C-alpha cells in the first residue's frame, strides 16, 4: 500500500518487549509496529499474552525489558495517567463502567479536562462538555439513555458506553480488548459499524476472537503464540500460514 | 545506647533477651498462623481474633483450677489437656461465628472488619460478665518454672523452650495440612476461585467453615501459651490484635513462611529493644519500623509477583 | 440535573431541618449540661463527616481517625494549657510558667516544639496543617504505592497505636495517660462557665455547617463523582487519565482535617484532651457513627453520631454492662442488615412514602431517573 510513498514514522513501535512473572515469560522479546490510521488486530490462543501486551502499552503492567515508543515518547517510563495524556486509550475485556453514575456522568468523567484534583473540584459542566457528551452518546446509540444509571444498561450497551468513554477522550491510539465478546449478532454488527466510524484519524489495536469480525475490520493481523509473534500480515496471508493453522485456526 | 556493655555482655544480652522474646514470638506465631489462615487464605479480617485467643486463655485457667481442686495429683500434666480444650472451644466458637456472621460477608472484606470488631466488643463484655473484670493468672506446674543454665551468663527459661517446641510442632502440622493434605488443596482452591471450586464439587461452605474454625482454634492454643507470659483479662486480646495483623501483613499475607519470619523479627526486635529503652518506646520503635518497611514494600516480605 | 454547586432541593431542605434542629430546637429544649453533651457529640460529627468523604465516597476506610482528632485536639490543648500555665498561676511549681505535668516530670524549661503554641494564630494554623500534612505523608506513602483497602485500614490502626503509646509514654511532653487537663481560658476569655459553653456550642454548630457545605461542594463537584467512580472501577479512572493516588490523598486529607477541627473543638468545649481519644478503640467507634448514619450520607453522619452517642450516654449511665453488647450488636446489625445506615432506611422506606404522598396530590410533574444517583450507590466493596 505504501509503495512509492516516503515511509512515515510509526505511531507505535514496540521493540524487544519482555515481561516475566516469577520466571514465566508472558511476553517474550516481542516487536511490532503500528502505523497512523491503521487497524491492527491481535489474535492468538488463550494465554498467548494478548491482554498482557495491552497492559504493557497502557502501563498497567511494567515491562521487564524492551521499549514501547509512542510518537517518539517512551511509554515504559511514564505513569498510567501520563500515558493517557500522551494519547493512548484502553478498553478492558469486561466492561468497566461506573455503575453508580449516570451514562452522562460516565462520559463526562472521561472528558479530557480537569484531570487534576483542583481541576476536578472546579470543573464546570459547560456547553462544550454537554455538546460533546451528546455527540458521543449519539454515536454509541445511547443518546436517549443519558440520565439513566449505567448499572441498568445491557451488557452490549455497557461495552458501547466504555467505547464512548474512550472516544470522548479522543485518543490517537485506541486499544480494545475483545469489544464484541458476549454480544448478540445484531449488537456485533452495530459495533463493527461503530468501530468503522470511529477509526477515522486514529489507530486502533484490537484483541478479538471472532474471526468474522476480525475479517471485517482488520487492516493487518498479528498472531501471538506463547508471548511471541507467530505470524503477521494481512488476514489472507495469516489465514494461509501453516504455523498459524497448526496452533490456532486448526482446531 | 550500647556504650556501657562489652561485646561479650552484649552477646549474652541478645541471647537472653532472645529467649525472653521466645514466648512472645510463640504467641505471635500462633496468633498470626490463625490469622494468616483466616486473612491470608480467606481474605476475612477477623478483628475478634484476640478474643478467640483469650477464650483459650480462660479455658486454660479453668482447666488449671479444675485440676487444682479435683485432680491435684495430675496437675503437672494439666497443660496438655488445657491446650486441646482451648483449641476445641475456640474452634467451636469460630464455627458458630462463621455460620452466623462471616459467611454473609465474604465479598465485603472491609465490612467483615467492622462486624468482627462488634463481635469482639460483645465477647469482651461476655468475658467480663462471666469471669469478672479482674485479670486472672494461671499457676504453672512446678517443672515448667525453672530455667536451664546454658553457660555462666546465659539462662533459658523452661516454659519458653516448651512453648517454643510446641509452636514448632503446630506450625509443622498447619503447614502440612495447608500444603500437603487434600483438604488444604481444597481450601486453596476455594480461595483462588470460589465459583470454580464449587463447580468441581468442593463443598465451599464447609471448607470455609472449617478453615475459619481452624484459624480460631489455633488462636485458642495461642491463648494457652499466652497464660505463661501474662495474666488474662477481658480486654487482653485487643492489645495483640493490631500487632498480629502487622505480623501477617509484614510477612506477606498468603505466606506461612513469611508469617513466621516476620513474627520472629518483630518479637525479637521488640524484646531486644526493651532492654535498652522503656517498654513503650521499644514498642513504638518496632511498630514504626514495621510501618516504615511496609510503606516501602507494601506487599510484605514474601510475596509473589502475579499476573493479573 | 442541578446547576447549583452545593445542593439540590431535597438536600437543601435536609440541611435547613438540621440547622433548625441544632440552632433552635436543641438550645431551647435542653439545659446547659445536656447542650454541652450535644456539643461533645458534635465534635465527633466532624470526624464522621470526614469519613463520609473518605470512606463512603472514596472507599478508603481509615481506622486511625482518632489520630487526626487527637492531633487537632492536642494542638488546641497545648495553646490553652500554656495560657493556663502563666507564671502567676503556677508559682508553686519548682519551675513556674510551664505546664504542671512538665514540672511533675522534672522538666525545667518549655520544650522547643511547645514554644510556638503561645500564638493563637499559629495554633489555629497548626490545628489544620499538622493533621493535614501528616495525612498527606501517610496518604502519599500508601496510595502512591497502591496500598488500599484492608491493608490501609490495618496500617492506619498501627499508626493510631503508635501515637497513643507515644503520647502515654512521653508524659513529660504530653501529659501522659491523663492528657492535658485544667484548660481555662482562650485569650483571657474563660471557657468554663455556662454562658461560654453556649457561645462555644453555637460557634461549633457554625463550623459544622461550614464543613457540611464543603462536603456538599466536594460531593457535587466532578471530584465527588470521580471518588464514586474510583470506588468501583479504580483502573477505569486511572486509564481515563487521572492520578488515582492524588484523589485518594485528597479525600484522606479532607477527612483528617475535618477530624482535626472536631478535636480542636473538643479541647475547647470539654476542657481537656487525652490519649483515650486517639487510639484504636475510639477510632473504630468513630467509624460506626458514620456507618450508622449511612456512609454515603453527609447529614446522616451528623445524626448517626448524635444517636450513637446519645444511646451510649444513656445506656452506660443506667446499664453499663449492656452498652458494649449494644455497641457490638450495632456494628453487626449495620453491616449485615443496613449497610447504608439511617440514610439508607430513610431513602428506601420513608422518602418514597413522602414522595407518594406529595405526588398523589400534585399531578405528576417529572419522571425518569433521579439525579442523585451518587447517593443511591451501593456500599463500597
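Annotations for the structure displayed:
Letters are used for the chains, namely A, B and C, taken in the order the chains are written, and counting of residues starts over at 1 for each.
Going forward, contacts are C-beta pairs under 8 Å (C-beta built on N, C-alpha and C of every residue); 3 or more make two chains touch, one makes a residue touch a chain.
Everything numeric here is computed off the predicted structure, so don't read it as measured data.
Ranked by separation of Cα centres from chain A, the top chain is B. When each chain is reduced to the mean of its CA atoms, the one lying nearest the mean of all protein CA atoms is C. Rounded to whole angstrom, the centroid-to-centroid distance between chain A and chain B, based on C-alpha atoms, equals 48 Å.
Look at where the CA atoms of chain A average out and do the same for chain C: the two points lie 43 Å apart.
Centre-to-centre, using mean CA coordinates, chain B is 33 Å away from chain C. Contact of a single residue of chain C with at least two other chains is seen at no position. Here chain B touches chain C in the complex through residues 39, 43, 45, 101, 104-105, 107-111, 113-115, 117-125, 128-129, 238, 242, 245-246, 249, 278, 280-281, 283-284, 287-288, 290-291, 294-295, 298, going by the rule given at the top.
The touching residues of chain C, when paired with chain A in their complex, are 1, 3, 217-218, 221-223, 225-226, 228-229, 231-233, 235-243, 246-247, 250, 368-369, 371, 373-374, 376-378.
Those residues of chain A whose C-beta lies close enough to touch chain C in the complex are 58, 60, 79-81, 84-85, 89-90, 92, 96-102, 104-106, 108-110, 112, 114-117, 120-123, 125, 147-149, 162, 165, 169. On chain C, the positions that touch chain B within their shared complex are 61, 63, 141-142, 145-147, 149-151, 153-155, 157-159, 161-162, 165-166, 168-169, 280-281, 284, 287-288, 291, 321, 324-325, 327-332, 334-336, 339, 379-381.
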